[in-house]
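Each of the next two complexes has subunit A plus one other chain: subunit B in the first, subunit C in the second.
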Partner chain A sequence: MAEVDTRDAILLAPIEQTGRGFYWALALLSLAILWGGIAYAVQLNEGLGVTGLHQPVSWGFYVTNFVFFIGISHAGTLISAILRLSRAEWRRPITRMAEVITVMVLFIGAGQILVDLGRPDRVMNVIRHGRYQSPLLWDATSISAYLTASLVYLYLPMIPDIALLRDRLGKRKLLYTVLALGWRGTKRQKKVLNRAISVMAILVIPIAVSVHTVVSFVFSMTLQPMWHSTIFGPYFVVGAIYSGIAALIVAMLIFRKAYGLQGYLKPIHFRYLGQLLLVMSLLWFYFTFTEYLTGYYGGEVEEMKVFWGKFTGPFWPFFWGMVLTNFLIPLLCLVRLHRHSIGKVLTASVSVLVGMWLERFTIVVPTLSYPRLPFPGGVYWPTWVELGETAASFALFALFYLLFTKLFPIISVWEIQEGREMGLKEVEERLLTYLPETAEGGAHGS
Partner chain B sequence: MALWGMVIDLDRCTGCQACVMACKAENNVPAVGAKEANRGRTISWMQVLTEVDEHDPLGKVRFLPRPCLHCDDPPCTRVCPVYATYRNPEGIVAQIYARCIGCRFCMAACPYNAKYFNWRTYLTEGPGQNPDVSVRSKGVVEKCTFCHHRLQKARERALAEGREMEPGEYIPACAEACPTRAIVFGDLSDPDSEVAKLARSPRAFRLQEELGTRPKVIYLTEGEARG
Partner chain C sequence: MVRPHLVVPDRTVKILQWAMAGGFILFVGAIVTWIIHLIRTAWQLRDVPSASIGISLVAIPVFLVLLGVVLYVVWGLLTDRSEA
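Let's turn to the complex of A and B:
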């Protein structure tokens, strides 16, 4: 039962042996994490005064990072669930990569709030004295539900692969034995597993949508100009999926190169994901356009202060940078994917990651920078503390991801095998059911 | 039950900042120092906001003393995840420093920027402070309480003397310090109180009334400026 197709041996290679590249990456990431660690220690000791935050801009990088990272988390579980449910055969080498992003990045995202708290020692008050009137409690509920569901959804399809490692690999026997839950690949086990995966795939979609909706509610439930908007829920969800796909593509390309997975992650995969990214880009632009046009047409004085602050005021580099990286560059890269598809998709994805971070920043900070009453204003600028924390957050995410790939196969071995053995036949049979039954040679009807 | 409120007559305000200083002394509001002040971290529960009058040829400066407005429907209390800020039955919007987790959601939600954060340890307990008001630690939000401790004291005194609390026995430090009597404080639910009468004046308005927060600090417009 636990035989590996020799063709798939490369999928287990990163677990069996470790090259020099791994230690270089480890050292580099640790350096960034160390920077963030020192920054946080200083902040813990002296208070949030070491950041650039002030009155009235009391939220800055940390909250921006929170929204950004939680957004990235939509890559995984949601996309994987949709691809599984729609039985898209090209999903097989992608789903696990996507699911791991979700789980890892959720820890980083939720951690941002902890870093942002003035009194992190009192964080348990949220449970002890939690009050459901506050959108922050909705966040806490929704994110912990999503984390639980995503963990289960990541773990279930890993069980056959863990059993494989248990039987094949000499090391970490105890870990794999416990996690494999006695998997032997019997018919009944397979049936139960497939049923469980389907249930989780359906369950996880509404939870994922709820997560970014309530993240947007943190802003839209207040009365503040350019926050108090009814479309913020779907707008944030669209942005989340958008940045999520971009993060997924970047992760896929990095590990394709590092682990030599060109045979599994082919240009066709990137073309498909690139098309998805293009659709999300247009959708994102549609929401942004609607949001700003309605604000502009209403012409409400307080709204316009923030509006012009973004268009021509001190925030113009962020706003127009966002338009460039989130719309123009992806559009130019993705409309024609016949040639150089991988390079174009990579450029677009990196651009979108920058752009979506800028988008979150231009939502959080400008609104707070223009108080309604005549206050002495001040421009928010981060200090080395916030920069360190941000660098460390990205590094920590990369490190978690990297360590995962050293413990478990990053491409699902059994699902690839299943694709070879059963997928082909299944697709053919499914295709026949789409066609008129009178035709005898229906199989050629594609 | 009383509904505590305040009327500030902008015609009388000279911008002398006596209210600001009285508040600071009364409530142990820390002086953050020049460096922190330049970074926009001044804490001033009562803050005199200034605005240059665009219509005045000489560029006359107008003053707006702004304590916490103690909204009857406060946007800040709605968003607090831990019940650290709430509206008490007498209409005072209170802050529990010992519970606040420092998420600053209330600051982001307050349309009047009446909430302040302790970005560092600005003050520790020491001599010369008002013993009735606790010193806030770093990492928590603080705000004007209408000198709530004075209400408690006045009530206890009246109780000890076996009588009802008289109007005028409880007034916040800012109202007490104002040399031009621009700040009047009292029970808005008593129609005969001075504050309730002034609140009915045709000159009365509330800040950002259209937001529906129903502030209990009511301003009287400048008669001349309005023409």
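Let's turn to the complex of A and C:
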């Protein structure tokens, strides 16, 4: 029977008992979801005319949300896989939280396309008559692969913890027994599981990178002004990782406070993630600067209409808001993290989440407002329907996440225990292999 | 009141666990079939079949590797009889 260290009992507490806060959160989130449900029912009944979408701006909040959520999904799998492969010991309390984000937001992100379709029954046409020349279908394929891989990558490291719940809890016995796959922690089982996790960690990195590259192709494969860019692939990937880290930090801070996990999620974790966020902030600025400078220097007429539309035209609040929240605020917050590190990292992360949504919006909408072909331009303004769908999407993500924490430990119990038992010894041995030979110690790192 | 622990029949658990693996085989099988259907349609309509073939050369192996990993874990864990 699997045992849990008494020090880690707090990790199972949210599953064993439910406080009043959970029901309050559930009620609030359900209200937002209800708003979205009503909005969707109206849209389904009356058509996309009830939204702000029209010609030429046929993509608005829904596609912005799609790109934003798919971007956030990079939080999990990619960051977790990189930390796992590089054997960063501080990853242990973080990986599960990150992996859950990926799976949840992928569902929400893919759902945006169904909402944007207006007629969801027509998705069958994609399955029956899809054409692989279209980047939209590349998206469907790569997101399916990423979702499948992320689900597997989330599930495999959960098996020992599910076995723990199977042995310890009296409720949901059938669920935990089936999902534990007969885990008893034997030497062979550990070998099988570790090998599978390692394969998955390697596999998910190229899949994750490909997903956001392909998402960018939906725009860059067209000849539309300020979309047709060769750097859109890496630009989108950088933005995705950037927003992903920010989402992870916010989730960590919420559950740290709600479930009293201060002993696991320490200021050092936030400082490390804050440094990573700072690097991504600089990288994001570099890509943005390059992208806009190239467009400006070329001076192509149609391109410049969109350019000035963003800089000084109707989209200036979104563009400059993006620069402020994606670059200036994070830079100010993260450049010195010696004191008040958690508060600064939280401020920067919330700012980045707002900024990255604005970035997606300024990519999607302005280009469509100034079409290359001689059609009249148009300004997009969302209606209560899109606002409701957007609120519901965020609420649905939060609800899924909350429900997950009521079923499974949000911090990997066995990985924490493994870190305590073997982490120190393993790190010491690894450190010695990095160092040059010593007279006493003999040869290392051979 | 303390609720007695539910005793789940071993046979039911085993059936559900193998059904999970079977469900995953069906899922990957459906995706591979779909991709092959798109190649066939593109081929019949002479609608740039090279695009479909090129993408399927990447996508199908990825799904098969995922299937392999899942089956390896299910088989490895469920058939282990060694002592803990």
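Everything that follows uses one rule, which is that the second predicted complex is superposed on the first by the 433 of 446 C-alpha atoms of A that agree within 3 Å, B and C clash if a C-alpha of one lies under 4 Å from a C-alpha of the other, contacts with A are read in each partner's own complex, and residues count from 1 in each chain.
Note that in this section contacts are C-beta pairs under 8 Å (C-beta built on N, C-alpha and C of every residue); 3 or more make two chains touch, one makes a residue touch a chain.
Keep in mind that what you see is a predicted model, and the values were worked out from it rather than measured.
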> Looking at the overlay, does A:Ser58 come into contact with subunit B only (first), subunit C only (second), both, or neither?
Replying inline: first
>> One more residue to check, A:Gly47. First (subunit B), second (subunit C), both or neither?
In response: first
> First (subunit B), second (subunit C), both or neither: which does A:Met221 touch?
Replying inline: first
> Should A:Phe375 be classified as contacting the first partner (subunit B), the second (subunit C), both, or neither?
Replying inline: first
>> Just to be sure I read the superposition right, which of the two partners does A:Ile207 touch: subunit B = first, subunit C = second, or both, or neither?
In response: second
> After superposition on the shared chain, which partner residues are touched by A:Gln133: those of subunit B (first), subunit C (second), both, or neither?
Replying inline: both
> Which residues of subunit A are in contact with subunit B in one complex and with subunit C in the other?
Replying inline: 129-131, 133, 137
> If you look only at subunit B, which of its residues touch subunit A in the complex?
Replying inline: 36, 39-42, 49-51, 64, 66, 75, 78-84, 99-105, 107-109, 111-113, 116-121, 137-141, 207-208, 211, 213
>> For a test of understanding, state which residues of subunit A touch subunit B in their complex under the given definition.
In response: 46-49, 53-59, 113, 116-120, 122-123, 125-126, 128-131, 133-137, 140, 218, 221-224, 368, 371-376, 378
>> Per the contact definition, I'd like the list of subunit A residues that touch subunit C in the complex.
In response: 127, 129-133, 137-138, 141-142, 144-145, 148-149, 152, 156, 159, 170-171, 173-174, 177-178, 181-189, 192-193, 195-196, 199-200, 203, 207
>> Touching residues of subunit C toward subunit A in the complex: what are they?
In response: 2-8, 12-13, 16-17, 20, 27-28, 31, 34-35, 38-39, 41-42, 47-48, 51-52, 55-56, 59, 62-63, 65-66, 69-70, 72-74, 76-78, 80, 82-84
